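First up is the structure itself, then whatever we jot down about it.
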């Protein structure tokens, strides 16, 4: 059995498993019924490492979570791959998957926004720049959002804002920790002021989450910029990043033009942010699931002590499904 | 009638006025029954301005609130003078005036601490490095503390900590705004760890005041350093300073020795602090009473709107006396 | 007809030329009877004027919004309040002059006023960084928001900024987090917050002091996710399509009102508020009083809920 | 008797000399029967040892507290917890390595651990600034205090610092305010706070992470309003009277226990914790568990009140 078949098989199994479990509105996540979506680099037999230029088997790269075996460079992965990497096998169910972008401003630049949306869906294999859902990480329930950079640069328009907001609301309802994996160029200009206001909307939802004292872990990945960094991404109780990811508010070029000087090479890297007190830790993708799992455990065990008598603390995926 | 007689007369009048008003535990503030205490500079006929070296009539200087008429340099004034400048004529009553320092560590350096205390009382005319009490500022009640730098460099030992703490507790009890006028070299070494802990004690009291949403204005005057700056002085809702006052945590010399470089001339001045975002405003002594009065009004009028029907908002000193 | 030393914008130039002609002709014709020509010119002037100002394009409004003589927050504060006690600093290392904050009074009530403040000349703009705040400015604002909540002061923010400053130190000091925290904490305030876009509402840098119960816009102000120039550069791949971008982005007060983002448009005098700051400020004051009055009927929890619900509904999408 | 590569302090030198003598003699006398001399020397050694360590002066304890091999916060954290997730940064521009903070576990309970951290060598000390925190370090700690309160984590602080850093940037960034805010906010926390002075408790810089429900001190640690050297320079007007100052200031664990400032003295092995960090850490852990257990019986409000009342009573004065 080739690797591709293996993946396909595995996904079909998951899909079956999920279908049996779900009887409510939430439908099974796209990932589970379609073959993995690859960008041009990853789908050819060989890929060149962005970090060290070495040639890598794409299949091997994929198996290795997108990490280069030579230099550990963290290549971008799709939202679906990320979800697969982080959640327990088969234990993720997408919510609010039927929210689609519109063209509220009737926006046209060199090309109509409507066309861009269609192209983005086709090239990214995703319906918008984010996937949200409920799943488990080492048997602990979690509300998870993962941004899809391939979809118009992971830009935040009304759909991204709405999906994140609903995910947070769901987390509050179900007392779940929230994890958001960011990767974005910022706000989506084509939706004008409406996209700007999604910064306020998501932050306002996080204010409620904060008051509810629920954990929010923000994971920053290559690249995270603009209105996304300047709203939900920087509001984590714990903020972590993958190594070498570029993160900032303004783009490097804009800053260089403004201040008329060259910026240091490591400027706006995860390492720079750590040095400048902006993030809690840099976590390698290979340790990410364990890290998140342990943080969730550490942040829930004191509270759960009181409710110990009520039995085990573990979240079964079946319990979660009932909530969706 | 000479100026000195005028002052004396005025004080006696105040004392009489106060005595008539008070029938409770609080006793009349020292200021009202003793002649004003002058340091060497102020009590001679002429004084040399610290700011511009011009010669000034000390009597005129005093009348001018300690400000040089040539360069506006703000000369240090005693706690009693400060109280007189800020509160309404005759409307200040000292509280907790019968708390005296002891020598808990039996401390002796080149001289016993006990001797230093006696000398300090003699040279400063004050019983400790602070005077606290209740008064009115333009008919608005206020809990006021004024530090006396002449008393062992305004250092904070157990008495200063206790008096400030009690004043804050009184303010909470009587729903009064708090004003603390700082002038201090820091903690009083001769009381060792006990003096250090006064930083925690006063800050803890301010935490309660904060929760009670009562206004606290901190006025920094030449000089304010060390454990005083690093506790109650920097915790004002509003923090203001007199012009050119030197304020900081570590002393200039210590820093120069540590970093082995000369410090900028304006380092640790009020102007430097304003530039560096540490204080709200620099207020000239001649405008200080009006400034404080207006801030108190601004901070009380929204709340009092609700209680408008209950009649006037003004605090009579008689009301205050009943609380002491 | 006198332009009060107002610097004309490009589209106003015909008007200024006409005005000059009339004035010249008038002084010449005092003693000969050539009144008819002047009368005609005056009629022409009025026609041109109403046509120009009736048909302002979005990019024209951008120009008015950025007019160097446009009133700034401190001008409005000065015109609407008898009191102004500025409060300075973030308490941790800097006083950012691109953001001003302090106490004002409206109807005997204390208000926390915050504004993004541009400079009037080069020197002042160096100090105020052309109205582009640093993280420390946003943190100063946050401190003052908390202060306002503690003492039950409604908050009014006056917004006129090209955006948050894109600089090295700004990034090093976490501009993103400073803005994000303001968004979150503004959403949670239990005192009324009213924001007024008085000039340029520049993206996240404006929103960071603009999460409010009521958002008002002056008639000729604009509010956008990105500057027309920036949008042009990115989407049109040229800097010359700013006018097109300004159209496409829907950034005028009228657009935002129609999109349901803002609550009220404050009228300006013909040509813009800089022709008569006093009049505009009085209209603004009336509106502020009205909204303050309305919001004063709500409990603290209701005020917070009102704001959060307002924000919650923003966004257009299709749900199937 | 083996000194495990411990660097001797001046007053320990006779002991180290004896030890060396014994070891040399022992190796020589294995084959001849000169056991008696060795026995005598060993008895002498024990006598000298007990005399030295029984009569440690305050300044001797200062030396032990500053011993370059003394265990630091990260050593204790490593020895008492299976878990250590360090959390970095103040979120506004700097991660101060002179203060470390993160999550540990004790008895299956999550604890927020904060420590002032010195470096072991020159390079590490450059990074950690000899354990002297900057304002950013205190603000990182404050962020973590709030984090702890939000998630119901007790806080344990490990204190070993000469004091807050007296530097230009530290003043520019408002060292005073950073310390003061920590004092105030620590006083208000509703989760248990336990502080352990494990080495030098240096003035306000130590107190800024030391306002606690329970204050523990290791036997040879010191806690003072000013360093003995600083006190000597100011009050004796010479740097040579540090020993006298150390006496006068009452800075040892025993002194502070008698003054009612601290709640418990954790014993160290003879000579100091650096002779056996493991043993000291186990004693510390037992004590921490005990106090955590006790404090867990209180409600959040009681925890806060307990701390505030403890602080409230400190101070000696005469009231007539």
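When the chains are written out, they are named A, B, C and D in that same order, and each has its own residue count from 1.
As a convention for this text, a contact is a pair of C-beta atoms (placed from the backbone, for glycine too) under 8 Å apart; a residue touches a chain by one contact, two chains touch by 3 or more.
If you're wondering where the values come from, they're calculated on a predicted model, not measured in any experiment.
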Neighbouring chains common to chain B and chain C, by label
D
Looking at A-C and A-D, which one has the bigger number of contacting C-beta pairs?
A-C
For the pair chain A and chain C, the C-alpha centroid-to-centroid distance in angstrom is 36
Averaging only over C-alpha atoms, locate the centres of chain A and chain B and give their separation in whole Å.
56
Report the inter-chain centroid distance for chain A and chain D in whole angstrom, where each centroid is the mean of the CA atoms.
43
Can you list the residues of chain D that touch 2 or more other chains?
91-93, 172-174, 177
Hunt down the residues of chain B that sit against at least two other chains at once, touch-wise.
210, 276-278
If each chain is a node and each touching pair an edge, is that a line, ring, star, complete or other?
other
Checked against the stated definition, the touching pairs are A-C, A-D, B-C, B-D, C-D
Could you pull out which chain D residues touch chain A in their complex?
83, 85-96, 103, 105, 108-110, 136, 140, 147, 150-153
Taking the touch rule as given, give the residues of chain C at its contact with chain A in the complex, in rising order.
164-168, 170-177, 179-181, 183-185, 187-188, 203-204, 207-208, 211, 223-226, 231, 234-237, 241, 244-245, 248-251, 255-256, 259, 261, 307-308, 311-312, 314-320
So in the complex, which bits of chain C are touching chain D?
91-93, 135, 139, 172-174, 177-178
Touching chain C in the complex: which residues of chain A?
98-102, 104-105, 107-110, 157-159, 161-162, 165, 187, 189-201, 203-208, 210-211, 226-227, 229-235, 248-251, 254-255, 258-259, 261, 263, 267-268, 276-278
Can you tell me which positions in chain B touch chain C when the two form their complex?
210, 213, 215, 237-238, 274-281, 294-295, 298-299, 301-303, 305
